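Each chain gets a letter, A, B, C, D and E, in the order it is written, and its residues are counted from 1.
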């Protein structure tokens, strides 16, 4: 029983990490109708930036603040001007491929220009072990889980409760109509990417202690985040959290109770079942077609 | 020819990037030194590094390119899969091929042109097994390994070596490359109640495994091979690394002055502490130098011939860092170390003599 | 100052390299309903899109109340000049609810004003009111059009550009909408409307402009045109169809 | 039409005449390029023509490669292995089409990605069959009419021949009503359905045919590299294939030719950039997309569209001049 | 009495609490032009889509020439000679107008396997050209359909429905956005086809001139139910219909 609880708790902590990465996907999907295949690198880059500030002697949270500012400029504004503005109107394919190219460039740029090594990263919540009734969790695990919850709910609320959030969604659904209504389309698109950049920084701050700062950390992160986002529901930010936790927990349970070699397959099976029978995801809303 | 042209095929991107980059940097350091000191037999070394992208298909093409370029020798690749493909090309062209790849099958094919610059698993695992069986007096072992050719090969080999010594592997736990959460593998190892836990993964995963082992309060001996106690893992795992023991073929923390000096030079040039792959690359070039000097001419056939049964003493050629010798298959032999992590530092518990010099250890 | 509200002065505009409006010039008067007529593909919708800043003007000028607005963007026109545009086809946010669509329609007004005005608009379109919390994509074709018209009226525009509002609306609703536009015009709003429902549109309009191949072919008071014996030939039989549209 | 025929002839001649003057590496690269051309032709059918977002193409590449490799390992000829691979890919491709009947766009992309991961897991874990992470070594090359294709040049010509043959077949297919049906399916499936186009059948077949091309390419790849392991058939390769198709021009017949060159040859040309070459490659892909969002092969289309637009403009201006103003 | 081509009995379709179609029954006779009118949101399009297999009705039975076709897929219906248009524009935007027309009928030429080897235009070029002329879209025949004006696309859409020479065609607001001169043309065309090929048509339309002139019988739907069914003259004088739909 304690074993099960241990696995569940551990899985939830890992799941929270996946959820943080998945959150960016769901945001971009809802608010710009795109998928950013460089999202993993959008987490990796701030991780290195923070590390750099941190090694320069700045406290972690100050490093985080600086990094956010730079990320909003580079990953937010730069991405909007450089990729979203020119390509969004051509549909999904060019954006997908441009972000694929971008991920190759960022990943290998960091590798060639900085380091191919993994670097340890300080944890915001420390690494204190907490033992309760035979089950051990770390303060980092709990902190990550709570932070993920907070960010997910915040993003969700922003999108669905505020008019700006809705305007962002409107732009994604029908840019021309949004223009006609006087919605400042470029600004909404910028908000979307700026928020995404900040989310990526937050994710970097929280996941890197576990993931370690490494040029290819984004690759694995992105794959898990895709799974999480699909399972939870791509058009729903809360889905990211649920999906992440399902992936994290099911991996652990599968590794323990099924064959370890096929442990990935369990998350995969859930993923496939969800896609086929509830493509909108567990929490997503169904999109009906109208003819 | 005015220079000695060599090609280096390394995993510079993709999953093997850390390995390949270390090897490359090690090579570059050695070449810089050698060239500064006048080269080999008066000729400078000219190296071209190629990125295999950790992909055997690319490695094969690059090996052909090296052959097309008529190089004297090829270094790498370090991934066993890539090496198995590319060594066919170098063999056909009779080009000596130095590699850091560890898979046993590389030197069992009777290819006279391959030479390892470090132990293969066939050499190292028996040493680890002997330590587990004889020093730790363990009866059962749980193996946590990474599910790629490196990890799977090692796990197979250690299982066999342990069985030879009457030790049983009671849990064989595979983990994926890049795995984050070691809760399940560690729990499984714990539940197997094995006397020893043997961890055989890449650096980052090793660090995570150590952390999780500490988190779940495992107090069984934790043993590894090379990676587990490497500088990187200690850096990444922090306190959790304390107490881990590993057999290390090459270590920058070996109690050998030449090794310390190498570490200092490497750190000066590249601003980080090399792992064993850095040493493999560095010594590999010096091994070639020694062999060429023994042959007395810059010639592929002569190099290959000189490599047969070559023994190099560190006193004569300090660049090899430690005395090494090669057998006819291309496998290397030299002293190795048993290392334990104490207070975040590697401490050598024992120096294991080269296989060739004396049995046992 | 004369009562010219909208003025196209030798405008050349189109899609990419395909010029649709060929040096088009016309004027529409303030507080009047000007009807834009012409065969399919004549460039009527293009006129409205160009005016609203959605297409680039290559040559010529567009003026609004004497002010040059060539090149002005949609938002500027909407906020500073009080121009609203109801395009042809479907222009809703299908995944959002009817209410949310209305809210977004008033985004340039601020939410307080918008929320105050929404009930007024809903009174005009009871059908839409009933579906207030449905997703817009679930509405019938005509209901969607009503919502679109309502969304534009929310802005209480000074100038309203409306592209074939009758598409999909049932006769009673068409009559309602036309009556509504008439009332707005009488209160001072300038209406520039494209319609294929020529007969009923002419009855409520002040002036008619006819386009063909992006050129002005006729500008007349609507009443004159309605009583013109040539109207049948012009718009119901397709007199000029010859050049652009071989029969 | 004439210009493109001329271009093709020139390209064909080049591909026939140049390789004997190349060294092994060049020949190997060209062979690899052709292998990817075949695979991407298949993906272009699925993605470019039929509009089905597939991120699982590498799975079929792997199935083809492993089928032939495993059979050859057991002493069965390449020439038996190849049809088995084709049949296998066709059937599995059909099966993968079924998700596409339920979901579209990104959901389909992720379903196929999941399929790719599943195949990769099997390749890696079923060691007794696939050699697991150790892969399969010493895969032979086939003989053709008693001619050995062991040499790299011979094998190159063999791959070239297969490429030409498969291109011709694809050309024929796309020129037939099927081509239009695929395009209709991509443009507007709802309308297509109402016109009696069996969108289910065409969806499934677009996957199946695409898979067959990938399978053949995989078989050729196995014999080319003579060693296979699971890594080249993981999701990353599917991404790369998708990238190649889109960069080349999805829905353009010769798109895969150029796209594969970008994916396979360009990184090699960029090696002069040393450690930075993949950075340069990634950036180049981004810039290419920004310049030509519809792919390299959209250039002629763009030029033609421009010309047509100008002509239409002129015609419109003329007819406008003909209508007089009445006031 | 002749057997009906299309027989719809007690068709129902609800979305939650909204009863979009609440029990509709009618018959369309061979060679008949059958009008369907009703206020916005009265369920006309939903009824169409239920009959045509686009959406699954909750209840009811649909027969084509005496055969049950309830829940058949749109493809099967088309193969049985039922053509249609949609209320929203539904053309193949990236294909030329001519290809739009050809693809609209090619699935009726030979077998699926046979088409794999057939010429690209399936021998339908002449038929497509005839329709292009009839709908006066010759000057845009080679343009991409997505780049046409609304009305032009509508014309292409309608022409597509006729390409496969169907026996029964259901048109959802064919005249919306079409220039009056061409509305007359469509009217003439329908009458012609109706005479020469004995084709039957069901037309949803808000253009009363068109409907009253063209249709033999008219069904009036209100709130998902049938309010009236009769000849144009009867409908025009129906007090209820006047109040609910036509206005004075």
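Points to keep in mind about this one:
By our rule, a residue touches a chain if its C-beta (ideal position, glycine included) is under 8 Å from a C-beta of that chain, and two chains touch if they have at least 3 such contacts.
Listed by chain with UniProt protein names: A, D = Branched-chain amino acid ABC transporter permease; C, E = ABC transporter ATP-binding protein.
A quick note: this is a predicted structure, and the numbers were derived from the prediction, not measured.
Contact count check for A-D and B-D (C-beta pairs in contact): higher for A-D. Set against the Cα centre of chain E, the chain with the most distant centre is B.
Taking the CA centroid of chain D as reference, the farthest chain centroid is that of C. Each chain gets a centre from the mean of its Cα atoms; for chain B and chain D, those two points are 39 Å apart. With centres set at the average Cα position, the gap from chain A to chain B is 36 Å. Spacing of chain A relative to chain C, judged by their CA centroids, is 43 angstrom.
A separation of 47 Å divides the Cα centre of chain A from that of chain E. The set of chain C residues touching two or more other chains comprises 15, 138, 244. Residue positions of chain E with contacts to 2 or more other chains are 54, 86, 88, 90, 139. For chain D, the set of residues that touch two or more other chains comprises 124-125, 190, 274-275, 278, 312. Against chain D, the residues of chain E that register as touching in their complex are 52, 54, 73-75, 78-79, 84, 86, 90-95, 99, 102-109, 112, 115-120, 122, 139, 143, 160, 164.
Across the complex, chain B meets chain A through its residues 12-15, 17-18, 20-21, 147, 173-176, 178, 180-181, 183-185, 187-188, 191, 203-204, 207-208, 215-217, 232, 235-236, 238, 272.
Touching chain E in their complex are the following residues of chain C: 15, 38-42, 45, 88-90, 127, 131, 138-143, 145-146, 164, 166-175, 196-199, 235-238, 241, 244-247.
Against chain D, the residues of chain A that register as touching in their complex are 29, 35, 37, 82-83, 86-87, 90, 92-94, 96-98, 100-109, 111-113, 223, 226, 230, 234, 261-262, 264-265, 268, 271-272, 275-276, 279, 289, 291. Partner chain C is touched in their complex by these residues of chain E: 15, 37-42, 45-46, 87-89, 133, 136-140, 147-152, 154-155, 173, 176-182, 184, 206-208, 245-247.
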